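Read from first to last, the chains carry the letters A, B, C and D; within each, the first residue is number 1.
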Amino acid sequence: MSGITVVIGVIGADVHAVGNKIIDFALQEAGFNVVNLGVMVSQEEFVQAAIETDADAILVSSLYGHGEIDCQGLREKCEEAGLNDIPLIAGGNLVVGKQNFEEVEARFMKMGFNKVTSPGTPIEEIFEYLKELPVLTQGLQ
Amino acid sequence: MKIKNQKLSNDTFFSEREEVLQQWPTGKEVDLDDAVDHQKKIPLTRRFGEVLARGVEEQRTLIQPRAGVALTGEHIKLLQFLESQGEADLLPTTVDSYTRLNRYNEAENGIEKSKETGRSMLNGFPIVNYGVEVCRNVTSALKKPVQVRHGTPDARLLTEISIAGGFTSFEGGGISYNIPYSKDHSIEETLLNWQYTDRLVGWYEEAGISINREPFGPLTGTLIPPFISNSVAVIETLLAATQGVKDITVGYGQCGNLIQDVSAIRALTKVTREYLDKFGFHDVRITTVFHQWMGGFPQDEAKAFGVISWGAAAAALAKASKVIVKTPHEAMGVPTKEANAAGLRATKQVISMLKDQDLREIPAVLTESEIIAEETRCILAKVEELGKGDYAVGTVAAFEAGVIDIPFAPSRYNMGKVFPARDNLGAVRLLQMGNLPLTAELKEFHRSKLEERAKQEKRPVSFQMVIDDVYAIGKGFLVGRPR
Amino acid sequence: MKIKNQKLSNDTFFSEREEVLQQWPTGKEVDLDDAVDHQKKIPLTRRFGEVLARGVEEQRTLIQPRAGVALTGEHIKLLQFLESQGEADLLPTTVDSYTRLNRYNEAENGIEKSKETGRSMLNGFPIVNYGVEVCRNVTSALKKPVQVRHGTPDARLLTEISIAGGFTSFEGGGISYNIPYSKDHSIEETLLNWQYTDRLVGWYEEAGISINREPFGPLTGTLIPPFISNSVAVIETLLAATQGVKDITVGYGQCGNLIQDVSAIRALTKVTREYLDKFGFHDVRITTVFHQWMGGFPQDEAKAFGVISWGAAAAALAKASKVIVKTPHEAMGVPTKEANAAGLRATKQVISMLKDQDLREIPAVLTESEIIAEETRCILAKVEELGKGDYAVGTVAAFEAGVIDIPFAPSRYNMGKVFPARDNLGAVRLLQMGNLPLTAELKEFHRSKLEERAKQEKRPVSFQMVIDDVYAIGKGFLVGRPR
Amino acid sequence: MSGITVVIGVIGADVHAVGNKIIDFALQEAGFNVVNLGVMVSQEEFVQAAIETDADAILVSSLYGHGEIDCQGLREKCEEAGLNDIPLIAGGNLVVGKQNFEEVEARFMKMGFNKVTSPGTPIEEIFEYLKELPVLTQGLQ
């Protein structure tokens, strides 16, 4: 047990459920506490769950192309709710079509995300990052 | 329970219809007599069912893309491009996500924004907002027949406008456009919605206009054992036939093992025919659609071409009536029209080369196909039992009881206890069977197939196999072997 | 006739060798002891035969491109690119046309011109002109084993330099690198040349260095009925084994009908083994190579990907040991390295997906494969008879008599009376049988297969079918049907 | 019978024989008199055959990539031999690699060819052109 709690879910009107189930399983196998909100999750549900479970990070998935619209304002909602520096991580097929990833990443960072992954990046690739989170967030608080 | 599998009476249908047409202003434009007149003028070369039938006659698997953008002019250009540069035999109009969720205000906003920016801000063509006339402009600008493809739990108004707008085929069904596409719609609710769609199509049939209907075969597109999707296809066919639909294309999403794929299409045709006949629907025509690999795709375009071409080959060797084609951009996002046309041309080449080859009658296929048929009959028999002979009532009960249970589905109304995994040859079998009503013998068959794999891999049968298999294709393999 | 199928004596070989090494200055660099030392230092991961054998063990069809340019640095970069970006399991060095014709002066000129302009002015890598050291730089710069691929009627000096240069496999044969690649070389002459090559490889075997040898399977690449190319493969294998070669990869070029293609590979393995055993060569190892479609390609790259992927699928389902991969530029010209790598990746994807699937033992394949084996034995028996037991003598006589006759070959020494055409399922059969020594029953089989097609097409069996079939693939079809 | 005689062959060290056989058959079917020199044909052989058969045109095939080198000087050889305005037509895969066809065409026209076709152009496409040749060449002479 790493003692690290992460909230996961697929944002907006997106129903792509497979990646979500796989991420859930993989995170648990790796020792994280997983709070899985499933698909079609609203921003409010993400924030609420993070407060209730005292989460160390929120992992947002978006596959269907409307991720940019759906994620807009999530950072602000977190702050309003007092989740000041909670790491926000986004992954999946975040935008419509095949776009330059650096630009997509920049747009999401500007929206207040702390880490953004390109299409198909397996969740395993951010385990290291997640494991260092408590240190990071303690440093911040 | 409100639902019953019986033909909606004119009273019920037309009073519901009044309400439906008021869901959005364009509903008022729909005039059934005018729609029949318009449909009657559509030449046979642009009628979906006709073109399909001709393909079947010539033993030629037809090819069809997915495609849709927000603006009419652009949408027409896109489809014309796929017709000329993609050599598509059949065309789609893929509907945007807002329309699928009946959020017409947001779709309107999307149209406005798209007009302003000149770029498509919607992931499909918003049929309802545009209304009848615009749809007629689209469908008549093309040489090939056009089908509406979507993923809409409540598609009643969409069906009205689509048919009046000159589309000659309509995808979806009360199960297949709910369980994989929704979280909160009850099965009963969506079966009711789709009775309406089917009844409307039935009404047109009676007026001499045949509209092709296509249940969505692949469901979640991920490791669905053929008998599960075949069972859903047969049920949706029976429900549609009850409402008077006469032309149905049943579908299946490629699993990747050639023998299993050919067998699945063979069993699908056979069992659908069997059940239609059982209930007296002898005059309902059946064709089949094979979906190229519907799960996660490789990122690399050359590898994607490999996956696309292999799907084309399996479709041709199974002699599917048509194949739905993926694009080399699949893993990345909505494709450009060039990428879409390239997927089509690769498919056309393979289909044409394999036109005269057929694996449907080889012994391995006969055996596997008999197993799939038997499994399907287990499910259908239980549904019939639960519904006391009524397939609509039985379907609602079957989902509650986990008698139908679709792997990886997002819906709350799906039990979610079933998990599939591949056997040693890559065929999709069941690892966790949940409450599926298979015979002991069939359950043993699945178990032994996975044991065979486990032995080969020197590890026990476990959930890790499921995970490994979901990841496998992205890494280039069917079977997710341990390293 | 000078030729005899017997192991060259040391006297004969070494006196001929002195002459050969003087054909070009780099010949002097070849020192057999030093070459053996160098070869002994090559790790197993870079020995062609070893890597092939491991693939066979794992039931994994390996992939190999064609590639070669004039300048060493560029050539190394090209191969490294195909290794890393193309995921090639085995590498080639394709030799330029001047070297193939032993025109080393012109090759030298080509190297100079290429150095001046910085562009490759040769269509391959001129191994002989570069000599031993440069070849060692090439072969040791790579992680995968490298084979020499060419089309050289007299490859004696080329073999010397290649093996001393660290290549671990060598393509070609006295028939397969003459008849499709030359106009004026007699069969006797090229059989003598290739006895030298094979004897040299045999000499290395005896010194503990195993070099893989590969007869060129596809011949003219155009509508070759499997038994014709299989017969040539068996003969070249026997001739090679006689000179002491121990590791042979027999080849076949895809015809396009899946059953026929799988059957051809199956029969090829079987009959080659049979004849090796018959003549006591029990210790010669056999592997197989499947060539993706070797005839005219479609111009469109997406369609070319379709053809490439279908070739990959057939290779995997036939469990060929390796597959030679085409590129999306095939119809246009020598491919860029990117196009080459793309063809490889598409192939890798399909091969990996089909790794666990195998059609070799289905009844349709067993039947067809028995027919091919029988046809092959008819040819081989007649060759043996004509040579009074000597396969070299018999081969020369067989070409003279049209007992072996290769469709569409440019050589004067080929009778050119045989014309193939496809049957109703796309399998390649014989339309004009020339002097091929098939039994009456087999001839009737071919005739009846074409009659079946004629009936379907409502036209008589005629030469127009040959023409239509040659054109067909470019138009997307296997069988050239009348319109 | 059109009464039109054409010399055909594959130039240089090129052994691609299939197209040559197909062209031969197709031209004969269409009523041309065909003089087929086969593969690996030298410039001298082309010129000699054209003189001997009083040909109306020479159709040069090149597939293997060295067409540009092999065709250089053919026009001059024709003139030296007194075949002043004989139409020269080239087709096949004339150069190495996938190149811009307009440029290839221009290079061959500059070498004195009268018509150049792109890779894979079927012979049927130049039937019309060939049939008008006698008229054209009479006009020239």
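Criterion: a residue touches a chain if its C-beta (ideal position, glycine included) is under 8 Å from a C-beta of that chain, and two chains touch if they have at least 3 such contacts.
These numbers come from a predicted model, not from an experiment.
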Partner chains that chain B and chain C have in common | none
Chain centre separation in whole Å, for chain D relative to chain A (CA means) | 67
With chain centres defined as C-alpha means, what is the inter-centre distance between chain A and chain C in Å?
-> 54
Using the average of all C-alpha atoms in each chain as its centre, how far is it in Å between chain C and chain D?
-> 31
Which chain C residues sit where two or more other chains touch them?
-> none
Got a list of which chains touch which?
-> A-B, B-C, C-D
Inside the complex, what are the residues of chain C that reach chain B?
-> 256-259, 298, 300-310, 312-313, 317, 341-350, 352-357, 359, 362-364, 424-426, 473, 476-479
Along chain C, where are the residues that touch chain D in the complex?
-> 97, 101, 120, 123, 180-184, 220, 222, 295-296, 299, 329, 331-336, 339, 408-410, 463, 467, 470-471, 474
If you look only at chain D, which of its residues touch chain C in the complex?
-> 13, 15-18, 21-22, 25-26, 38-40, 64-66, 93, 95-99, 119-120, 122
